[in-house]
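You will see two complexes here that share chain A, one where it goes with chain B and one where it goes with chain C.
On to the complex of A and B.
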């Protein structure tokens, strides 16, 4: 290997950050193994009680809900993002291409709270959707959209869309258009050519996008907090309640650790599932 | 242009089509045009590919040959004119209903499918039942002499094997026309030669009408039944390899296909269909056809192939005098380049089969060159250019 004189200097800031994160992680891990002393911020001795408490239906339910919401979000994002990414890659006109890209990535530039409040304006009882439906006479009283899983997933799809679009577009752009032409020359109509050639060839991008969306949604906090309004709880909200409302730091820590472990588990599962597909990934 | 005028023009084309008759034509283009923005990629192309023939589209890059192929395949839509396959107008028929087989430049084998799945793809799209499909895939792979690889993936095969798979995949659906897009450009030289022979044999054996795009004139000459030479969006000449080589229609065709020397000569006299051209002390008889606007005494450019010139033997009239400038030894022959600046803008290429050519005519030797045979062709001299350059493929 060539000597790289600047390597040490360049790596050191990152190493320092990593060290900081590691220390924080170690602290959280340590907290998760401590006993909770009610009415005190100090913690007791080492115990595994926090983790056994996670199995109680109340908490297990939040875990399952979180996974379900993540799954729904990733699936919906994929369905919305794929056509956008396809159009982005295949648009001939540069202006149209630029417009699609700008619209697709705009959510990245909005602050999380601003974006979430915009959804409240749209979905609320006096919000855009309800007032339009009321004015049109399609409904008699406002639909309850806020504080539902549907509302939370809708807002979360908005957050994950840009990343999904970009990852899918990268995968689609690497697929030689000759494949689709070859399929058509062999008698496949546009839809069959897409389903039998382009779609399977884009699976590495789909898996990467879904994994990212999943991991990203798993740690969502502000969106379920504001739009779920206590009716839809995800792990982060539970951690927040336990940690900052009940000051049960050990239990909040054990929830975080379990959430992290679950994320890793789901991601490695996706990875294993993707392995047979990666061989023929984009060239 | 009004549609009426366009129609009339199409009819005109139909009347002037080759005598082979329309029922013999497998693929026909009538006055087909294709523009990309301000660029005309293909202008007024009229061509008829006969059933079972291998027609190559030959020309430099950007000449419109790939555009023409993509129009026949349906990947592009013609701006005007008509495209027919087996007498049926296909302008508005999408690619997947045209019953064509196409082999792509990089083969475009589906990387996520096995070889058998690749070859069987077209049959699956046609709803062929499994046992029949399996048999036909095996037959197609046997045809291209590739068996035992059914379960492998494309990336596990060599370039030559991939090409065989691509050919089998295109042929297994019994296409009305086979389209080959620069099929040999990705292969190394030795493999290319053997694949060319093989593809030609398979094509002849099946009798499938084939359109073959290439920029390699050697490839076109050796494989084609007929060649369409294209340049700047126009078809310049359509003919058998021999016609293209011996009776080029214009300066471009003459210099693009095969090596050629362009020599400055003078028109001496005309006599019926023949004209006599003087060059040095030689008088060369050429066809009058390309020289209708030239008068005796005017300058003409004489196009002479390297095998039509030789170092003058005793008693032969010397056409060009010059000095030997370079030798290129080629094993079975030697290319000698002769400097003769008054007659030939670039160096005159003489091809000698004599084994001792290099020692007999060393560099710097004064030599006289004579023109043998009757194959030379004269074209009007280009006013602004001092003759063309000999080109080799």
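On to the complex of A and C.
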């Protein structure tokens, strides 16, 4: 074996970080199985009560809503991101390419709070959209856009768009343009060439993008909290309420564990469902 | 043609909130109106004078500075070991560190909060920095690992064959060649840490609250345009950093979206 100088010094800090992270996750798991002692940060003995409580309609409803919002967001993001990724990869002019990239990834760097606040200004009752529609005389009373699933999903698509564009563009950039040209020279129109060559070849990017968008949406907190305003609740909002408002750490932990299990279940399902498609992809 | 219009419309959707919030920031009145009837800079002054924003900004810089620097050291060393060495639990440690990308931030925040409460750290910066290190480490790892892969190892072999010790090769050949990847990784980590909200909300206390947490508390309490003014400054700072990063480091390369040549 080759000499490996500094191996221990190089690996142990990272191993320590991994251990710290594992400890935090193990704590969540452990607390999810503990009884809640009202008014105290201490917890009681081991119990499964937290998980049986999750089956109550109130909480089951929030789980279903969360999954629905995640699906809706991932699907909308895919539709919106694909043309941008395609344009990004195929733009000839370097300046245009840089402009598309910078604009497309900006939401990623804005921070959840600034982005969410900006959307409140756009969607609010005396916000931008309502002002414009009122001025144009298209409506005579402000539309109630805030506190709806539509508003939450719109703001969430805005966040997941950059990462979807990046993943799709990475996949598209690695497709040899000769394939599409070959299809066209064999008589396929540009649309047919795209649908039967480029689209299937970009499947790995689509799957990666949808999975990431789903996981990110699931993780979103400020957007459903502020734009949903209590009318649209996701698991993250419940965890926050239980954890920081009522200090019910055990129940917050069990919600987190169940949520994590749910995300992984959905992501694996996605992978299984996408397998027949992947056969057409590059090997 | 239809495609170009669609792309323009989508890019418009992406920048719409930033444009609208800029309009709102210059509105003289405390109540939103489009277009503003009278214009003013006064909300910028209000935002800059607000104590929670000032301390939040300082706290955010402290946390982002420590977290991104620690992550850079830890991540660079580990990326090097990942690329060159074989050691026990290699893939396990890598998988654990990368998994912070897929675990929701509220779960990570809750975990660190409970952990910190158990060992009595809950009111200090240590837990915030520790949490942020875990969150940004995957980005540093990826950035440095990609640079290492692209590095011509013959340069290191040449130095070694001329008698340089492993430490000398590392310091005079490997690290200097990695500088773009290191700077890119550090910058990305610092931006992400400064922007991190959900996990921060769980692990910060009043004394350690970072800017996004202060902003969140403000939005819940007040509706005046000083938040819009602060958002504009935020957006400008980020856009500038991004443009600089793109010019010097080539975001396309970092993000791996350049077409195959």
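Note that in this section the second predicted complex is superposed on the first by the 267 of 283 C-alpha atoms of A that agree within 3 Å, B and C clash if a C-alpha of one lies under 4 Å from a C-alpha of the other, contacts with A are read in each partner's own complex, and residues count from 1 in each chain.
Here is the rule we go by: a residue touches a chain if its C-beta (ideal position, glycine included) is under 8 Å from a C-beta of that chain, and two chains touch if they have at least 3 such contacts.
Since this is a predicted model, take the numbers as computed values, not measurements.
By the touch criterion defined above, A:80 reaches chain C but does not reach chain B.
When both complexes are overlaid on chain A, the residue A:166 reaches chain C alone and has no touch with chain B.
In the overlay built on the shared chain, the residue A:139 is in contact with neither chain B nor chain C. Of the two partner chains, chain C is the only one touched by A:215; chain B is not. In the superposition on chain A, A:256 makes contact with chain C only, not with chain B. Once the two complexes are laid over each other on the shared chain, residue contacts for A:124 go to chain C alone; chain B is not touched. Set side by side, chain B and chain C differ in how many residues of chain A they touch, and the one touching more is C.
Once chain A of one complex is fitted onto chain A of the other, the partner contacts of A:176 extend to both chain B and chain C.
Once chain A of one complex is fitted onto chain A of the other, the partner contacts of A:28 are limited to chain C, with no touch recorded for chain B.
Counting contacts by the rule stated earlier, residues 176 of chain A appear in both its interface with chain B and its interface with chain C. In the complex of the two chains, the chain A residues touching chain C come out as 1, 3-7, 9-11, 13-15, 17-18, 20-25, 27-28, 31, 41, 80, 83-84, 86-90, 97-98, 100-107, 109-122, 124, 126-128, 131-132, 135, 158, 161, 166, 169-170, 173-174, 176-177, 215, 218-222, 226, 236, 239-240, 243-244, 249, 252-253, 256, 259-260, 263.
Against chain A, in their complex, chain C makes its touches with residues 3-4, 6-7, 10-11, 13-18, 20-21, 23-24, 31-34, 73-75, 77-78, 80-81, 84-87, 89, 92-93, 96-97, 99-100, 102-108, 110-115, 117-118, 130-131, 133-134, 137, 166-167, 170, 191, 194-195, 197-198, 201-202, 212, 215-216, 219-220, 227-228, 230-231, 234-235, 238-239, 241-243, 246, 251-252, 255-260.
Within the complex, the chain B residues that touch chain A are 73-75, 94-97, 99-102, 104-106, 108-112, 121-122, 125-126, 153, 155, 169-170, 173, 179. The residues of chain A lying in touch with chain B in their complex are 176, 178-179, 181-190, 192-193, 196-197, 200-201, 277, 279-280, 283.
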